Structure formats: C-alpha cells, structure tokens
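What follows is a pair of complexes built around chain A, which joins chain B in one and chain C in the other.
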Partner chain A sequence: MLEKGKLSGMRRTIIIFFGIIAILSVIRIATGASDLTSVGTAHAALLLSVPIVLAALGGLFAERAGVVNIGLEGMMIMGAWAGGFMGSKHGPWVGLLAAIFFGAVGALVHAIATITFGVDHVVSGVAINIIAAGLVRYISTILAQGGSWPGPSQSPDVEPIGQNGLPILSGGKYFGWQSPDILNSIGEKNWFLISDISRVLRGLTGELSYVTMIAVALVPLSYFILWKTSFGLRLRSTGESPIAAESLGVNVYVMKYWGVLVSGGFAGLGGGFLAIVAANHYQENQIGGRGYIGLAAMLFGNWRPGGLLAGSALFGFADALQLRDSAAIHALLLLIIAFLLFASWRSFRKGQKVATIVAIALAGFFAWFFIAFDELPGQLVTMTPYLATLIVLSLASQRLRGPAAAGLPYRRGGLK
Partner chain B sequence: MRFKPGKIALAVAAPVFAAVFSLIVSSASLLATNKSPREAFALMWEFGSGAGSLMEAVNLATSYYIAAIAIALTFRAGLFNIGVEGQLRLGSLFAAYFGAMIVLPPVLHILAIFIIAMFVGGLWAAIAAYMKVKRGVSEVISTIMLNSVAGGLSAYLLSKHFMVKVEGSNDLATKPLPASGQFPDLMPVLKKLGVEEQPGGGVYGMLIIAIILGIAFWFVVNRTRFGFELRSSGMNPIAARVSGVNSKKMTFIALVASGAIAGLAGLPTLLGDTHSYTLGFRGGVGFTAIAIALLGRNSAVGMAISAMLFGFLEVASRTLELIDIAPETYVIMQGSILLSAVIAYEVVRRYQLTLQSHALAKAGDK
Partner chain C sequence: MAIAVELRHISKRFPGVIANKDVSIKVESGSVHALIGENGAGKSTVMKILYGMQRPDSGEILVNGTTVHFKKPADSIEAGIGMVHQHFMLADNFTVLENIVLGYEPSRGGVIDFNAARVKINEMAAAYGLTVDPDALVEDLGVGQRQRVEILKVLYRGAKILIFDEPTAVLVPQEVDELFAALQGLRKDGLTVIFITHKLDEVLRVADDVTVIRAGSTVAEVKASEVSAKKLAELMVGSELPSPEIHGSAKRSDIALELSQLTVPAESGARNLVSDVSFTLHAGEVLGIAGVEGNGQSELIEAILGLRNYTGTVIFKGEPLDDESVSERRDMGIGFIPEDRQRQALLMSSPLWENRILGHQRGKPVMNGALIDRKATMADTIRIMQEFDVRAPGPDTLALALSGGNQQKFIVGREMSGSPSLLLASHPTRGVDVGAQAAIWNELRAAREKGMAIVLISADLEELIGLSDRLIVMLRGSVTAELDPAKTTPESLGSAMTGAA
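After this line comes the complex of A and B, so read on.
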C-alpha cells in the first residue's frame, strides 16, 4: 500500500511539473515573453532557490525540534559575511565552511536563549537578526578602515567554485571528455512544449555549481535523517510532545540544541551560497529577507522537505524572473489573474462572500494593471517574491499543520 | 503595601545585569581592535551629555517611542507587529504628499496630516490583520513581507508620482509642507525654562504628542475594559473566549491600531525637521523600536527610558570617529543590551516563580 501511495505522489509531482511548464509555454506564445521558459530563467531560478531551500531546511530542523527560528535571517547574514570574509582570504570552500560555522554560532545564541533560558522564540530570533546585521556592519567598517576591504558594505572578491552538468543530456565535462548537449539542441528547435520542457530541464541540470548539487542533495538527506533514523524520530518527538519524549528517555534539551544548531548551519550555508556562488563577494543587504522567505516556504511546504522544495522553487522562479526580465513578470500577471479567479470561484462555492469579493477585486486590479501598463516599473517588479509569498501563504495556510509544540518554551519537569 | 527590599532588588536586577553585560561586550569588542574602552566611554559621556546632544537624543527617541508603543500594543495582545517599518514608511509618504497638497489653518492642518498618516498605516496593517484573522497566516511572516512590499511601493510612488524637482539637487523628495503643516519647535518654551539655545539644536514639538500617546497607552491597556480584553486575549485566548471576549476581533483591532500608531512614528522628523519625504526617510526605526519595546517590557515608562537610552547611545557614539573608532559601536551596545535584558528578564521571572512556590510550600506546612 505504502509503495503504491508513494508512486502516485511521485506521479502527481511529475504531472504538476509538466503542467506548469505547459501553462507557461502557452502564456509565452500568447504574450511573446520568451524568458518565461528560457534556459537562463530556469538556471537562475535554481540558483535563487538554493538559498531559500537551505533556509527552509534550517527552519524545518528547528521547528521539528519545537523551536521557531525567525533568526534564520540573521544567521544567513552571518554566514554570508563569513563566506565573503574567509572566502576572499582562503578560497571558496573554506568560505563555505566558515559560513556554516558562523551560522551555527548564531544558532547557538538562539539555542541558549530559547532552550536553556526559555526566552520567547520569536523575540530571541528577532533580537538575533538585529544583532547580526549590526555586528557584521561593525566589523566590516573596521575592516574597511584598515584597508583590507574595498568598503564597509562589501568584501573582496571570492574565487568561483567549479561547475559541471549532467553527462550526455546537458553537456557536462568529465575527465577531459566534453559530453554532447542534447537538451540544449532540442531547446533551440522551438517546438511547442517539447522545446520548452527541454530548455527548463537544461537550465536545471546544466552548468551547476558543485555547491548547488550538494544543496539539492541535502533535501532527500534531510528527509532520510528526520524520518528514517532514530535520531530523527527523537528530534521530531521533541517538537510534537516534549513531555512524552522526556518520559520515554529522550534528552529533550540535547535534541533541541541539535535541531537549532543544524538549523543555523543550513542558514549559514545558504548565506555563504549567496555570497560565494550567486555573487562573488559579500555585500550588505545581500540576504534581503530570504531567511523569512525560507521560513514561509517551509510553512507552505507543510513542514516537509518535498513541500518546502516546491515552495522554494516557486519563490526562486519569481525572483529569477524579476531579476532577468520585467516583461516576463508582466506576462505572468495573466497567470495570477487566472489563479485569483479560480480562488474566487472556489470561495464562492463555499459561500465565503468576503473572500470572493477580495479575490475578484484583486483579479480586476491586476487585469487593469496588465492593460494599463506595457511594462512594470522596476521598483514594483522587485516586490514579486514578497507578494508571491503573501498570496501563496494566504491561499495555503489553512490546510497546514506544524509540529504541535513548536514555539512553546519547554522546561524539564513541566515547570513554567 | 509593605516595603520589600528584596522585590525591588529583583526588579532592578535584570536591567542592571543587562547594562553590565553590554559594557563587558562592547569593551571586549573595543579591546579586540586595540582601542581603550575607558577613553571611548569617557568621550561618549562627555559629548553625549551636552545640551545639544541631549536634544538630538530626545528627538530620535520621540520616533522610537511612538513606534515602540505601536509594537507594544500588539505584544500585549499576544501578537507581534514587525511591520512597523513599512507602516511608518507608507504613513509618512502619504502624509507628506497629501499634507503638502491640502490648504488648512495651522492646527487643523497638522490634525489632517495625523489622520492621513494613521489611516494609511492602519490600512497597511489591516492587510496583515485580515490575513491573520481570516486565513490564519502568521502576522510575523506577513508583516515582514509587507515591509519589503512597502519599500518597493514607496520607492515607486515617490519616484514616479509624488516627487517634485528641486533646483540643484538630485534628491528625490516630495513637495515641502507649508508652514501651517509644520509642528512648532519646543525651543521657545524651553528657553523660558532657562535652557540655552544650541547651534542646530531644538526639540520637536511632537515630543508632547509622544508623551500623550504614552499616557494614553498606559491608561487604555491597564485601566479600560478594552485593555483588559486585549491583554486577556493575548495571555490566554481560550480563557478569553470562554469569558466572552471575541479574540479574533481583538486581534484585528490590535493590529490595525498598532499600524495607525506606527504611521505616526515618522511624523516627528517630517513635521519637525525635513518637512518633506525623501528616499532614505528614517530607515530602520521600526526595527530599533522592536528592541526598545522588548527592553522596556511593553510598559509606557520602561519604553520611554529605553528609547532615551538608545537615542543617547546613537548620538553619543558619533563622537567616536574622532578617536578612530567605528561609530557603529552603538549597534553592538544596543544589541548586547537587548539580548542580555531579554534573557535576564526571563531568569528573574523564573527565580520569582521559584520564590513564590517556596513561599506557598512554607505556608502549606503551617
């Protein structure tokens, strides 16, 4: 039975994936926004999804252990800074390790405050975000004064990390052998749908940084650790019912510390990825709320690795489009309108009057926007990932269920 | 009530511990860069306690205090409005734009600007409130996202619609407010009280509004039925519902009221100093105010003290540049005060609980 259920889940995922590409290619033809399904967009979407996936995995480990981690943003900032600082001195790989370490240091502060001292999780997390931003600015200013950094908001450049693609399909290079690039050549043929699909696949599998591959592999690995090992079972039990876990001999404090520290390491790696792979140096405000978006992706994914991957991909795609081509965002408005009309129809069927009116009004607003402007102004396009987060959360959040004890302070012996 | 020295010592213990811890951390970070902490602190005190610096600190604190009240209101209702930054930004922008357009006699004009700022701030917060009440979206996430959206939206509105060209300047700014829309400075009053005028100094008249808001906040939260319902829906939503409090309604009202107050938080600068909204207008106030609300334990007096402390540190640290220390040192001080205070409050609370249960056990033995 279980095996069967899994297969159908897999099949559903594949159908949804190709369905989305099909819708996008229809919109592409209707509006001429060719960047919707281009190799570059798919590639950029993957690149921009990775930090969000890592942040979301970080959130997953912490929340499964019962600790809400709003401090992901601050830990990513520390990771990005450490990546730029150590990476420019000792090379990119050392930079990434330093990023993980610094993220975990930020998490240790969060763990001490929330687990040992029982401080409110959101309060401690927000405090860490404020402190992390100030701390890296302080040290960067000193480094810039000393002349080793070009400025207080930017680190020296970091060497790039190597990249490779899938053999045969995407033109990878193995031991000096240059494989053919089948997906790319199909993509250039401009056959409807088939070319779209191969362009997207080419973007997702070609010229990947090794860190991207590691990051994507961390998703199934996290699933395995959390759901298939006794460590994972213990960790999740402290997030669902710490008192029951304690009574069965699980050391709740230790498990929670593990969850938060791993969480910080993931967040730090996400920050380091932004500094070293997505850019080639650390820059102030580089994180730009991705820690929070990661958290939102985790909520959207219902506290599961597969779900958070889908959420991160959505935000990565929105982010890639807004960075590459604002005309494509304009075309995407059609999709949003269709989506909103669907939502309004659904809430109409359920008899929710206000929700129906809100959805129709929003759809009308976007339709007016689509007709009135040929192109979206740059400042508005930057809002895309945040708006996507808001819309998706408000549509999805009622069916979601997180760990029962997430966010509650725990004290051994049931004391307050 | 009997005088209990132990109780008072406990109440003071947490802030004192936080101050000492912060001194240690900032000293350590100064020593790490080979600077003398003693010299730095002495210089900060000397510069910061001057009348001109104090006035500036008060001016900064005015904004911080109003924003902190906005956040504290949601904390008291068991919510967390991180969106003050965005509500402040949009409130100030619209207040500056429409405030410069309307023609009204002096007092009414300021009143109208207040209403615009509160309306826009409240409306922006209402999005998060609606999503929380109707769709169950955590206000923490939604207000953070709305901050980013407000940033993009305000930049767009300013550069494409609200901006006026100023001769010889590249600044993006709205049209300046007419004299009737500017809040008079408190300097003339202070002069009568014997305070000497400082070069470039002055105290925003909005300080009075901030004080009134503080008193109103204390009264409404602690002394009215509304305040009781607000606090009870924050402390124990189930108990509140059982006793007839509509906690969804309270959630909605708390968030919208918080946004309305947050809309006011940019006005001290707008009405007292710049008279127009510019691109980098008062950035970061919403986040500093979170720290102030936490440090001040959401009490009107506590937040006033913390706002002054943060304002003082910010102004006083500017002088550190003279001895080659990064002025950002104040961020380290504020951050370490915040974190240690939050932990210390919790430790003290637990200690008090232990004392209580000991006292109860003793009473039971008799």
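After this line comes the complex of A and C, so read on.
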C-alpha cells in the first residue's frame, strides 16, 4: 500500500490503476503476450467481474448487518434459474427482476433461520446452497419432462439485453447517431502505454450491456447507502454492536432482515446476470462457485465497496486471460513474481520474518516455473484466476477488520 | 419541587433469581439523585426497567406525573430519559459522530446531515465541558472520553432525565472531578440526574438525595446533607465499611520476581507500550502499580506472564523466564487475575467446575493423567466456593449466573489454588460490592502473610495505597515515580499518575 494520508483515496486509486497498466504494458512488450492489455481482455474481465461484484455486494450488506451469508452461492443459483425461467417467457428485464426476487426469497429463508431462530450462520448458509441446487434441478426436470424446457439442465434461450458505449470515446450509439470511437483508434496505433491504456479503457467502456452499467453503478450506490444514510448507519450498527444499537432504539431484527434480504437480491441479480447477460440461458452449474469467490473478494476488500471491487476485478482479469489466451497466463506469472518480491520487501521492512520467507519462496517457485515451462498445462491455466487472486489478495490485505458482531447470535435484551 | 420520576413498588424476577422485590424511588426534577446498594442488590435492574430495557413484573412508573409503560428503550428516549451505561454501549469501529447520531440521525430524505450534527455536538460539548473530537474513531479513545461520548449521546437526544450506571468505576480521580463538574452543569440547566453507585464518598460529594436498596428492596430514602458515609454503609450492607489495610511487613529475604529493562514494543512501531521497567519483588511483598489506564500497566503484567512479546529479562525465583511459555510460567507458580474477568478469566456459559480447570489443565487435582478428573474437580470447586464465600447453588452453576462479585471471588480462589509464589492481580475488586471486596482483601492479605509476592494494579487508589508495601507509578509506559504508600494520599497519587506532580 502507498503511504496513507498523502494522497486522497480517488487519486490513489487512479494512480494504482494506471500503474498496473504500465507494468502490464512492459510485460506485454517483454513477452509478446498482446492479450494482456487487449480490448477483448478488458471487456471480458469486466463481464466476468460483474457477477462477483454483485455477490460481494450481497455479502457486504449481510455481514455489515452482522449476518454471515455463505448461502450467496445458493441464492445466485436461484437467481440464475429464475432469470432463465422468467426471462425466456417474459423477456430479459422481467427475468432479472425475477432473479432479484428469487435471490431474496432464498435470503428470507436464511434470515428466518439465523435472525429469528438463531441457527448458526454457516450451517444455514450451507443448507441453502445444497437445497437451492437440488430444488432448481427438481423443477427443471419437471419442466423438461413437460416439454417446455430443452433439458433438465438448461432453460430455453432468453432475448439479449441492449448495449451501448460511451459517446465519442467508445463508439456508443445515441438516437440513431453513431459516435466516433476515439479510444479504439488510439488503441490500434500501438503506441507504448498510451495505446495500452486506451485499449483497456475501451474494453471497459465500450459495448456495455445496460445491466453491466447498472451493476457497476451499484458499487458507489452501496457505499452511499451504507455510509451516508440513516438506513445504512443503523444497518452497520447492528453488525458492529447490536446491543448499543438496541439501546438507542434501533430495531435490530428489522435492520438485520433488511441486510440479508438486500444481500439475497444482489446475489440473485448476480445469478440472473450470468444467465441472461453473460450467457443467453440458464445452465446447470452456471454459478460455479462465484458466490464463494464474491464472499472472498468482500473479505479481502476489507468489507468495503471499493475494496471488493478491486478484488473482483483482479479475479475477473485473471479469468478473462485464461479464457482468451493461455500464453498470456504464462506472462502473467512475471507480474505475480514482481508482486511477491514487492510483498516480501514490504514484510521484510516490517520485520515479519515468516511472511518474507513465504513470499520469497513463492516467488522463487514461480520463477522456476516460468523458466522451466514455456506453456502451462491446461489444468493449471484454469486454476490461475483462483491462485492469482488468493496470492495477491492474501498478501495485499493484511490488516482486515470486519464487523465486530458478524456471525454472532443476537437476542433482544441481550444485556442483563 | 416537581417529581421527575417516581417508581412505585417495582418487582422483577428472572428465572431462579429475584432481582427486585419492592423498589420505590422518588426523584425530584433538577436534582442529582443517588441510587446505592451492593452489587446484586438490584440497582441496575431497576434502572433498566426505567429505561425500557426490561419490563417489570409489577409496579408503576411515573414520569413527570404520568404513568408510563415502556416496552423498549425508544419509548423512554421519547419520554426524555437517557442512560449512560456502565459497560459503554459504543461501536468501536464507528466514529464519535456516528455513535452519537445513531438512531436519531438528522437527515434529509434519508441522507444524514453530518455537518449539522457535528455543529450541535460541538456546541453541547462546549457547554458542559465534554470536549471530544467528533471524527475520532471510538476505539482510539480513552475511557474518560468514551464516557463523554455516552453522555453526549444522551444529551443529543434531548434527554431531561439522565441515568448514570456506576459512571466512576473506570475513571481516575481527575476524570471523576470533570464528570462531577459536568453533572453540576447539567443540574444547573434543570436536568435531572439519577446516579447508580456503591462509592459512598461520591454520593456525599455530588448527590442531593439518596435511595438505598438492599436485596431488591428500598430500605431508606435520605438527604445526602443529613447523612454520613458510615451511616450509608450500614444501610447498604448492614455492617461497617471495611478498609484496605496491611499491618507490618511480611517481606522475606528471598526474591520472588526480578525484572530488568523490560520493554514491550508497540505493534505498529509507535511508542513502546512498556519501556525499560526494572524492579525487584521479594516474597511476602505487595508491589502496587499505579497509573491512568492505558499507560502500560496491563501490558507489563501480560509480559511477565508471557502473553506479550518483550525484550529485557524476567527472573522468577532465580530462574529466567524469557524462553518459557505461558503455561510453563503458570506451572512454575504464577497466578493471574486478569482485568476483564468475563473475557479473560471465565467461560461464561460453562459451569464453575469447568471454569476451575482453566489454567490448571496440566495437573492435579483437576487432571488424572490425560483425563479430566471430574470428581476431584467438583470437590475442589466446592472447596473454593466455601473458602472464598462464592455464593452459588453449586459447582454445576453456569458462570454467567453469578453476580460480578461472586465471579471475582471464584477467580481469586482459583488463581490461589496450589499456592503460587507470585500473583499478578489486575483490578481484583473492580465492580464488586463492599462485602466481596473485603473478602478479596482478606485473602490477599493472608496470602501475603504466607509469603506470596503480589503485583497489584488497581484503579481504586485507596485499595492500591492500602494494600501495597511499595508503589510505582507508570506514565506512558515508563516508571515515573516510586512512592511510599504510608506517605501517599489518593490525591497526591492521582497527580503523580497524570504527571502533574
């Protein structure tokens, strides 16, 4: 982390963003892996990040209200299924609303179990994950037997949702007017760094689904709601010190229910996004653990919207690379090595012996790997997003502070 | 004078316990009214009833002459009642501002107007001398400042009747003075203050009227100006007030503990938590460590026990401890009474006999080889309960069912089991009533006579002066003075603690 206090949060974020692109550009030149900073990679990274961001926001609302929501995965499954089911019948927007609703229904079960009945949060969450997967399979099978679905693991197709880009910069289309695409033109010039930056920005701002725009806007909106409104302050107080909140007349149960229901809504939307925007139908196993990854992104993001966005983006980027070009993953190893060396230097300065040794050992291992193999085995490529996210985030975020009362049972009048 | 609050014949039982049998209180508006009684007498319960956190089984509550039925704190807040809790009700990771406005936010369309709140808080703070930075995180504040936040929280809601639950328990004398000055300011402005305490000198200093509760019933209502501390003590416990005192010297020639240049570094590279502390403690000697909370006393004790990393050396009965683990140190004969009994010394939802095992899980009498000897543990728990007068139905009672005083007596008894040569006692009588306090003092005195060395930390300066053979003062991690308790008064010690002397 840079020195705190010297730079405002916004400026720091921008500097880190461009710094990372600069490093990627250097690696691109050194290894010839052009996909590191291509428009396509940036675009795919954004698309892959969105469901994780939504899951992470879901986790954020629940945990800030003091409820651990490991059932995000199950709520995403329900959302994806509902998106496919309703979306194929009534169009994509209805599908998305249904996804939110179904996610919230899953969350309601979790809320009743954990808040009203005091069931252990992890037990309830795991149960929801198992039940959700079984339930949608069961209903899908019935639908498939009735002939309205092509198979028990897949819904009929959903119409696509419209998309657009920024005017002038990214070739958006407004009222029949096709704007120029400046970023793309610069990107094609292949000027070092400038073109790299343009390509990444073009990937992030061009041909966006309206749902992607909404999802990205939900990050600052969540921050605003949680930190600037009465509702948010009360919600966070129930995760931080429910007894204090109760003593000030906050209805802790109600706030916790809101937190969990909003959480389920976000997770459901994340599932719906996967079914309707990322694909064009519901498919079994479509979620593939993204609920858990979202939860991890939230933890590593220190229970803050900005942090979870960074965590999700990192995963999305690594995932996009491995999908598009496995050679680029090989180049990405260099970035991981650089990061590990930086982390080891930092922990060395702080006198943390174990962390220093671990970071250097890992860096050595990856360096050996980079030299010994020209191409990574396929299984390892698939694993990269998970591995990269884990390494970077666990070393980058060492001082995490979650809500003090998350996961603890609460009873009214708890202080005798 | 008008009556601000009247409680008539309040009773309240919890499963197995009668908290209030028959409590009646009449509080005049614009006065400071003290509610006194031993721990477990039911003071806190009756105030929680008034504040709407508990509901009475029977009885009547009148606020400004009108009968009220509070179902939740929001109702009593609505009626102009505010409570400053003994255990601060603050979210540590929130700012002062957020803590104060929570539940009562000035907002436009749901968006909190933090600027308006900040202005209002600063105004109130200035008016009553309760200055505190609205944008500081609560976890960074000291105890006195946290209490100010609690008071501001209540005032911010426009409370006219303020309940203080043992507000001075955690304050040093100078902070107590500031608090009392603020209370006088509140009274001058026509606010009513109800003040729960068991410290009688404070009652006489600050209160207009006093209600005494014993065993859940009101036993007396008196004017503070017409009563003495002795009389109040008799009303409260039905006997004379004990005082901490040691007689003569029990000091032996053998050295129990020797510290040289013990330093505890801070986690984040800031100032050392403890720096360069050296002393020698003989068997049969009590060393009192005075200091405002947060000046390194707790960290020092934790370092001696091995709970914190440190540099320097600790020699116990001639053997260096620096490479020994906490369990080895305990096995060598070090007992530890931690400052926060519920967090550090007890498993609240476990029975007493299981709690007896904690810290002694490696030997007799609780273990028989690798297995827990339940029978022997039970027997030894009963021994502690008898010797240390722990009032509980039996060794199967859950720790949380005991009053604070009984929990503490049990911990003292457990830590003295197996006659350790050194006892590290951190606030051994904090928050316990007069009777339990006297019992704990007796035990500490007896152990000293038998040759136990004791390192004592206490915020109760009379206790510290009365029980110690020697006193050292810690300020910002360093020892700044060594005093002779015989020539020290609480006032002079208080000045030394804040660095004023």
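Please note the rule applied: the second predicted complex is superposed on the first by the 388 of 416 C-alpha atoms of A that agree within 3 Å, B and C clash if a C-alpha of one lies under 4 Å from a C-alpha of the other, contacts with A are read in each partner's own complex, and residues count from 1 in each chain.
Quick note on the criterion: a residue touches a chain if its C-beta (ideal position, glycine included) is under 8 Å from a C-beta of that chain, and two chains touch if they have at least 3 such contacts.
Note that the coordinates shown come from a computational prediction; the quantities given were computed from them, not determined experimentally.
In the superposed model, A:Q163 lies in contact with neither chain B nor chain C.
In the superposition on chain A, A:L295 makes contact with chain B only, not with chain C.
Contact with chain B, but none with chain C, is seen for A:T382 once the two complexes are overlaid on the shared chain. When the two structures are aligned on the shared chain, A:G249 is found in touch with chain C, with no touch to chain B. Among chain B and chain C, the chain that touches a larger number of residues in chain A is B.
Look at A:S179: by the touch rule set out above, it reaches neither chain B nor chain C. Put simply, chain A uses residues 415-416 to touch chain B in one complex and chain C in the other. By the touch criterion stated above, chain A contacts chain C in their complex at residues 228-231, 233-234, 236-237, 240-241, 243-250, 401, 403-404, 413, 415-416. The touching residues of chain B, when paired with chain A in their complex, are 29, 33, 80, 82, 131, 134-138, 140-142, 144-146, 148-149, 152-153, 155-156, 159-160, 287-288, 290-291, 294, 324, 326, 328-329, 331-332, 334-336, 338-339, 342-343, 346-347, 350, 353.
Interface of chain A with chain B (complex): residues 70, 109, 112-113, 117-119, 122-124, 126-128, 130-131, 133-135, 137-138, 141-142, 145, 288-289, 292-293, 295-296, 299, 354-355, 377, 379-380, 382-383, 386-387, 389-390, 393-395, 397-398, 415-416. Contacts from chain C toward chain A in the complex involve residues 14, 53-54, 72-74, 77, 83, 85, 87, 89-94, 98-99, 101-105, 107, 110-112, 153.
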